[in-house]
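Paired with subunit B in one complex and with subunit C in the other, subunit A is shared by the two complexes that follow.
Coming up: the complex of A and B.
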């Protein structure tokens, strides 16, 4: 009897993202059972494992907006054989990058000090808070990325197409209807 | 036996009429060549270079290259699609194309050409340029973040509307679209929502107010069919017929 192929280790994370891509991933619904015959999760919001072990596939949602994002992204790159950017924010910076045309200090002052809703407020400076970066970056500007799954979020069918292609040893492609930037 | 002149495009015989360019003849024959700055109602401009083909071994723009009898043209090759992908990626990286919130998403030619060429990332470092939005006009607004400098609005305003509302200014990376008013504001021009210039923008820089998001997601032009399958809609034909069908 043939021994089943070892399951691929998959890690996922959300950096400067909204977890919408993770929700869309869960939206593959009952196909998750089939997928779990081929993969097992390492670090992921789905397992609550906090550090990334050696993995076959690392899936990163969200862009890079603070020092912690850089740290996690570098950990994923060093531990994962295949690194995947999922969604508009990881690929383009997305919504968080809409602050890139503003001065960061002005943003913080506006939100925490000058806004009428925060009288006497001050800019948070707890050492546990990761320092925000001057600009928000797509993840390919920080590490090498192997595959991209565009969409905001990519549909469950698009994510399923990615997994079925990769598990079959094919380069993932997204025909009309599965490739979207919105 | 037909005596009309022909050229071959990826091995297929394409008939053409005297004066037609390669792109015009191809679209008339329902063959798609990726393009952005070409519009059937305007004189070809040849600036975006997305329609680059190999004609008798030379890289040329299909929209401006005159069709010639016996010419051998390569179009749908991996080499040319690679070049086109890079051009589209550079356009995405040098502007602010935030598709998730853009009301022209699903209608946008840059996006549709990106889908068709399987562009999954801009690849390059994003410029995140600072570009203004001009909402001063009561009927039309401008979001310059998306401009790809195709000059279709410039051509439409000059040639059809006779109003010269738009122009390009600056050189190289500093080139940008400007509005022909001392204040630089659209409100201070004689632009109207009924102008040709208000309907030709391929990427949603010039948008009519109170019209956004009317078409639901799933029913937008490029949700239904890829741009390559809609090529015939762009084929050269009289302007009146073109507008009626749209």
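Coming up: the complex of A and C.
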């Protein structure tokens, strides 16, 4: 009997994203069980591993909106052989980057201080809260990215195609129907 | 004002332990504990550590964009935001009653969402703690471990979620971030073939949902002391109920009871919510702390979600789920109904209810109709309230004469549960930690309590925060890309 090939280690994380890309990943449905014969998860919202170990593939959802995101993204880049930006938020900043044309200070005051539903509110400032950046950035502005999977979110079939190509040793390519940007 | 163990008097003398990130939940949060020299917990806090800016940046957008825009708050429950915004915008376009078909299609989408989200939460995220033990091996404590040890349970979980996602796909157009709910109705009818595809599987779905409820009931029966005591505290409750008091997750009036179970208000119309609920801000979390105005912030906090809905409704209008609700309330003199882990049992009863409602809707010929839109006279204000999987969700918008949003206020389910979650981690710390050396397994007890709420920390990060220090972001080539400011005042 041939010894099975070692499983690829995969880490995933969500930075400034909505988890929709992770949901679309789970939308491969029963194919998940087939995939688990070939991969194992490292740090991911699905496991309790809290820091990323050496991995073959790192999948990043969401753009960079605060200091903690920068830290996690650099950890992923240094630990993962292949780094993948999944979804509009990671690739362009996505919807959270809509705040880039606003003045942060005004937003803060409006949400926490002048909102009529929060009488006497103050702006949160505890050192435990990570520092927000004044703009939301796509991840390629901070680290080198090897692959991009577009969509909001990309469909489960697109994500499946990515994995089957990589597992077969091919460069991932997506036929027309699997690439869309909504 | 703060609660016992919320704020230690001399934090600088204490040792800090952090759980970061909280895992197997959706979104970004961390827990910090401050311990004294005798390993006694003096302070325990769940921090919501991310901020976005939805309430602010949808201002200036045309109102019809909002239902597709705001769902990007959350990829696990996008349908809840999609529908809640659509309900608010129905009022803005003056539609107070949808066509019968539109109402059914939106309900179908919503109950599909309840089913998939509850399945995901239980099977993919929480079941490892319950099946293997709170301090079992880290490497095994995930869905992959469940698939290896209990392949049938894992497979049913995946297929239950898949079914819910398919209900969403055929009604919303897409599994994640669909587009069909529009102000005044829906833009997609259900095809006969789509309906038949779902009907074929619904009996398996109901059967597996019943088995899942039985599984949680067995967990309680086998170890009632742990299950009914873990992180237990008494609290008030808030939920929507139908006019006749039945559970209704899509529409109704607000009902609240206090910690002793006495009514505070009932059948409150959604558009007057702000007369009843206010929010408090605390400096250590970007998530606000809502409370019932008449009781104030110290006594007016409450729970929302499956546990609150189970306790507040007079009955569940589908037979299997109603029978399970009665068994749940009767268990051990009602002790399951107030326990943090009771959330899991209550959640799966709702999953069963959702499956039964989906069956009824699929068998209703009006669901296949083609009258999809209603019209009315334009108004300036709209409030939508819906029972999302995790609890009451409120969207409130003001729209000007140019059709642009000028004000938005969102109170998401997880925000309503903010104080309750903090209360439960303080309680777990009190019950399990005092004086003991903190191991990974013990720390996981805290996360077990948080997971019971199924918090959507992603939804809860819609507000903006402040940067108390300064950081510089340098790109791979060493160039400064961005700088975080020291004080929001400087940004003006």
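Criterion: the second predicted complex is superposed on the first by the 182 of 182 C-alpha atoms of A that agree within 3 Å, B and C clash if a C-alpha of one lies under 4 Å from a C-alpha of the other, contacts with A are read in each partner's own complex, and residues count from 1 in each chain.
Assume contacts are C-beta pairs under 8 Å (C-beta built on N, C-alpha and C of every residue); 3 or more make two chains touch, one makes a residue touch a chain.
The model shown is predicted, which means the values in this text are computed figures rather than measured ones.
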Task = After lining both complexes up on subunit A, report clash or fit for subunit B versus subunit C.
result = fit
Query = Should A:96 be classified as contacting the first partner (subunit B), the second (subunit C), both, or neither?
reply = second
Query = In the superposed arrangement, does A:150 touch subunit B (first), subunit C (second), both or neither?
reply = first
Message = For the overlaid complexes, name the partner, subunit B or subunit C, with more touching residues on subunit A.
response = C
Message = Could you work out the angle between subunit B and subunit C as seen from subunit A, using CA centres and rounding to the nearest 10 degrees?
response = 110
Message = Contact-wise, after the overlay, does A:6 reach subunit B, subunit C, both or neither (first, second, both, neither)?
response = neither
Task = Examine A:169 and indicate which partner it touches, taking first as subunit B and second as subunit C; both and neither are also allowed.
result = neither
Message = Which partner chains sit in contact with A:18 here, subunit B, subunit C, both or neither? Use first/second/both/neither.
response = second
Message = With the superposition applied, I'd like the minimum CA-CA separation between subunit B and subunit C in Å.
response = 5
Subunit A positions touched by subunit B in one structure and by subunit C in the second = 94-95, 98, 135, 137, 141, 152, 182
Ask   = Along subunit C, where are the residues that touch subunit A in the complex?
value = 20-21, 23-28, 30, 32, 45, 47, 49-53, 55-57, 69, 72-76, 78, 120, 124-125, 138-139, 141-144, 147, 154-155, 158-159, 161-162, 165, 174-177, 274, 277-286, 288, 409, 444, 447, 458, 463-471, 473, 475-476, 481-485, 488-492
Query = Which part of subunit A faces subunit B closely enough to touch in the complex?
reply = 85, 88, 91-95, 97-98, 100-101, 135, 137-138, 140-141, 145, 147-150, 152, 173-174, 176-177, 179-182
Inquiry  = Under the definition above, what is the set of subunit B residues touching subunit A in their complex?
reply    = 92, 96-102, 105-106, 111, 114-116, 118, 120-123, 125-126, 128-130, 217, 223, 225-226
Inquiry  = Considering only the defined contacts, which subunit A positions touch subunit C in the complex?
reply    = 14, 16-24, 26-27, 29-30, 32-33, 36, 40-41, 45-50, 64-68, 70, 94-96, 98-99, 102-112, 115-119, 121-135, 137, 141-144, 152-153, 156, 182
